[in-house]
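Scrolling down, you'll hit the structures one after another.
Each of the two complexes below includes chain A, the first together with chain B, the second together with chain C.
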Partner chain A sequence: MQIDKRKIPGSVMLFSVVCFIQASSLLTAFLAGVTFQDSWFAILIGTIAGLPMIWIYNMLISRFPGKNLLEILSEVFGKVLGKIFGVMYIWFFLTLTSLNTIDMGNFVKLTIMEETPRLILMVLCIVVGAWAIRYGIGVVSRYSFLFSMISFIILVIGIFLVWNQMDFKNFLPMFTLPVKEYIQGTNIILTIPFGELVVFLMIIPNVNIPPQKISKMFFIGYLLGGIHILVVMARDIAVLGNTIAMFSLPSLVTLRLVHLGEALSRMEILFAVVLIMLMFFKITFLYYVTVITIAQFFNLKEYKPLILSIGALILSYGLTLYVSPVKHTLSGQEITPIFWILFEFLLPLVTLVTAAIRKRPKTGKV
Partner chain B sequence: MKLVRIFSAAVLAAFMLLICGCWDDYELNALFIVTGIALDSSQNPSQMDISVQIAKPHPSSEGKSDSENEPVILMNTTAPTMSDALSVFNRNSNRTLMLQHNQVLLLGKSLAEDNIIKHLDLFMRDQETRMEVLVMVVDGRAEDIINAQLEQDSISGMFLARLITDLTTASSHYQIRMIDFVSRLLDESVAPIAPIVSLKENNGKQEIVMNGMAVFDNERMIGQLTNDEVTGYIWAMGDVSRGEVSFSTEWGTAVLNISSLTAKREISFDNEKVQVNLSIKAQLHIGQISGFKYISMEELMAHLQTSAEQAIRDKIMNSFEISKTLNADIFGFGRSIYRTYPSEWKKIREEWETVYQNLELDVNVDAHIATTGQITDSLEMEEGKSAD
Partner chain C sequence: MPLLIMGFVLIALIDFIPVIRKKDWGLAAVFLLIFVSALVFSVLEINNIKIPSIMEAAGNLMKSIGLSY
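Up next is the complex of A and B:
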């Protein structure tokens, strides 16, 4: 039983994964505050440590071809337990969407539109997203290739523009922080952008290629996204040096420092535009996943009636989630990275193990 | 029915355009573009005198008299913080102050010697201000520089920015932006520095001259390098692509131009002592020589080379001695130790100031004179030859 029957090609899925990870460039600030000049290393380790996680997702995909996460859960754990886990995932997806919407609102307010109320920015984003969702997964994910290419290009341009300000000595000394800090940093990078890929388990049945190829697409997309974040981080460290931990948006400051003659300077708007674009993609995608998860949970035939009401829920939930931005950052650094492991790693792992023990799916070959 | 829906969608889309962005509209004719900010100490110690320089858009050529066409507007007030001052300025002006294009942040010497840290927060926090603004100290009152009527550039803020841009072609270490300043401030050992300028009256005309660099400790200005000592500092930092080495010996005087100069640091530890080996590689060419009669070209080249090496070494050592008397690690030797020998650094970081006093610097200069310019022998040398 599938609510949205539209199909997307494999390449679109690949670039959706890339885009999804790229949209997390904001979080480099969380990381820089923990691992300083070694943050690139935390990302590298995080990317490698994330591979088993992706492998678990891929195992689930190939074990249950044509099924999405909710169907897998109810098949493996039975009706009742499956529904309970389903509710937990609904909450998880909803929270993710709200958090990202809030992040985007804060970002735009902080960088380009200082006076504009955050709510307006968020409502606009959700309304446009709702429009896309009406037309299904195809529209939601179609722009991923364009968006990810634009951000790759702008990343490369950005590197050339700040080339004269990079000081590779800023990476020194390497590997001198306490081990605990590397673990914390790796954990942040692993759970916040990489682990969130669990949402793709909801749209796998819509991908129009065989399961083996899906895993390949998943891996390639994951690695491209990881490389992007790694390069962004390395560039920012090389330019900003020991001041990197001070800024709430290191990439923005990096591009602000561009100075090639009097004409080519103050390029931070490039970063802002790219990030808004990517954030919009990520929010729409998460929003879509939330909507279809809820629709499927209640066995609805149509998901369209839910779109606007869930959008309203996302907004009001997001606005009341944290008392202050400080609490938001703190929980982003300390609480969520631990808590999210449950949804991103433990539950899929438990599902996979239980499926193996209970020999599900019954008709499958595995 | 379908038409109605399309129509209402269009109306809604139009609304979206109408309701967004109205909050952040900026019209050029409602803005004052700030090109310089000066902070000075005030008679009341809890306040400071703040002046801003605002560039006027170029007047159209309507042939008004010069007095009506002052290129800048100056505003000043006395307030406890920069934010307070900004609100005063905005209250008393018909346009909003825009800080994005601010070129320089000038600190009066007496303020710099008092405490600067507490005044910097706004310049880093506010989205309008930028980390690339140049930081400078003024020998005297900073507002005098802002008020200066210069011949070279009508806006003194722009003048200073161009002055530094010009110096940057010689070495990037002349440029101290807010981010460079803060980076040194955050570092536990490196002493922040900033160019120091002053205003000079010359035949009734005003001029801004550079007087070297101000040296800071963790929060206040503690001393000053002269222009000559700054040259030594710049050479020790390497990455020089312009400059002159001048010296005179018993045979004559010479000026050699630097076409490139690089410095490499090697650090070694000997018990409690830290030894820094600085190897300088310099590419020079002859700029100007006089004297050196009765000397062959080969001898001269060898002579110039050793003398130039000596001159470079002396200048660097001189700056190093000055930094020792100030006890300020302007060269960033502490940072180099931290970066390359983090475990050794842990042992000495607590008493870095005493370690720095006992630090031994060894400068090895390897100069190479590439070309002699458009002529080979000087006139005096030709004379010497014919006398042979």
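Up next is the complex of A and C:
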């Protein structure tokens, strides 16, 4: 049973995927701390390695048309096991929302509003997000095109403005790190922005185009997002070189270096504003997915009365996750990439294989 | 603390009262489950009582079985 019956066009879904990946530009610091000036390579390999994962999602979409992830799990594994996996995904979505809200709070506090308590920033984000969620998926995703276009434009402008600071020798030496570091870097980029696209499996029934076209949109969105992250990383490496690992916000530092005479400087504020916009989009999207997943799990008829209390849970639970941003970064480099594989790759793969073995859905296309 | 209580009272007024009026007991139960969890987490956090982190526990577990970089 679908909780939110509103529909969105395929193009909105495509740009939601792009926006969702672009919002993770902030997290490139996780990667830069591992693969240094070779991070562009890890992103390239990660984007290619992510294709089978996107293929799995697309196969689930076309095999179970009009069904979301929870419905697919129930149909493939039966009620009991389906519910167990459902609880696991609720926890995963809730944790992702909390982590991203904390990231945004830390980012805004670090860059723009140094004296404002982080909690206030997080509460404001959740309250505005809650307002959007009340009006459904249409409002949550409506500005994805605008946000992603602004982000692309700012990226291009940024490249032109730091052109005189770029030194392509900064990419050297290439491929000198141990293989393990490349595997780790690829794993980070594969699970932290790309694998998180598994959340889109919850909104597929709301997209009003045929499943084959949804798969195409999903794929194009993934590629555009991947290219964006790759270009951001390449620009930052060309400017910062292997010192990139020293900064928690490499893109911010890169744009801080823009100096065109006396008139044009402090360009990093543009990046900060765009990133806040994108992160707000991502948090609202994840928050929406968490709310509808919980409502659907309990077979509720409506989700709106749960929005604010789930928002309160996202905030309070988020504060318990990591004691400091340093622990968060370390976990993002060492533990989370392995842990998230379970939700983003293994469970969808097992679902697809089990569906094929058990010939599910019974009446659908195989 | 007063701000926290005010926030939670506001949430209950906005969302819980209409649910009770509709007599949707299933929704009310789910609401209470989430609401009480959030309230407990918040009260503990505001009183500086350390809540074990699930992510850190999962991280330690994974490290102990060798699943870490």
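Assume the second predicted complex is superposed on the first by the 366 of 366 C-alpha atoms of A that agree within 3 Å, B and C clash if a C-alpha of one lies under 4 Å from a C-alpha of the other, contacts with A are read in each partner's own complex, and residues count from 1 in each chain.
We take it that a residue touches a chain if its C-beta (ideal position, glycine included) is under 8 Å from a C-beta of that chain, and two chains touch if they have at least 3 such contacts.
None of the values given here were measured: they were computed from a predicted structure.
Undergrad: Would you mind checking whether chain B and chain C clash or fit side by side on chain A after the superposition?
TA: fit
Undergrad: Of chain B and chain C, which one touches more residues of chain A?
TA: On the superposition, C touches more of the residues of chain A.
Undergrad: Which holds for A:334: it touches chain B only (first), chain C only (second), both, or neither?
TA: second
Undergrad: What is the contact status of A:253 with respect to chain B (first) and chain C (second): first, second, both, or neither?
TA: Once the two structures are laid over each other on A, A:253 reaches chain B alone.
Undergrad: By the touch definition at the top of the document, which applies to A:112: first (chain B), second (chain C), both, or neither?
TA: Touch status of A:112: first partner only.
Undergrad: One more residue to check, A:316. First (chain B), second (chain C), both or neither?
TA: Touch partner of A:316: chain C, not chain B.
Undergrad: Please indicate which partner A:176 is in contact with in the superposed arrangement: first for chain B, second for chain C, both, or neither.
TA: Touch partner of A:176: chain B, not chain C.
Undergrad: Touch test for A:124: chain B only (first), chain C only (second), both, or neither?
TA: It touches chain B, and chain C stays clear.
Undergrad: Smallest separation in Å between any Cα of chain B and any Cα of chain C in the superposed model?
TA: For chain B and chain C in the superposition, the minimum C-alpha gap reads 11 Å.
Undergrad: Which of the residues in chain A end up touching chain C in this complex?
TA: Per the touch definition, chain A meets chain C at residues 95, 180, 184, 187, 294-295, 298-302, 304-310, 312-313, 315-317, 319-323, 327, 331, 333-339.
Undergrad: So in the complex, which bits of chain A are touching chain B?
TA: The touching residues are 110-117, 120-121, 124, 127, 169, 172-173, 176, 240-243, 246, 253, 256-257, 259, 265-266.
Undergrad: For the complex, which residues does chain B have touching chain A?
TA: 16, 19-24, 100, 124, 127, 130-132, 177, 179, 182-183, 186-187, 338-340, 342-343
Undergrad: Please name which positions on chain C make contact with chain A in the complex.
TA: Touching chain A: residues 7-8, 11, 14-16, 18-19, 24, 26-27, 30-31, 34-35, 37-39, 41-42, 45, 51-56, 58-59, 62-63, 67-69 of chain C.
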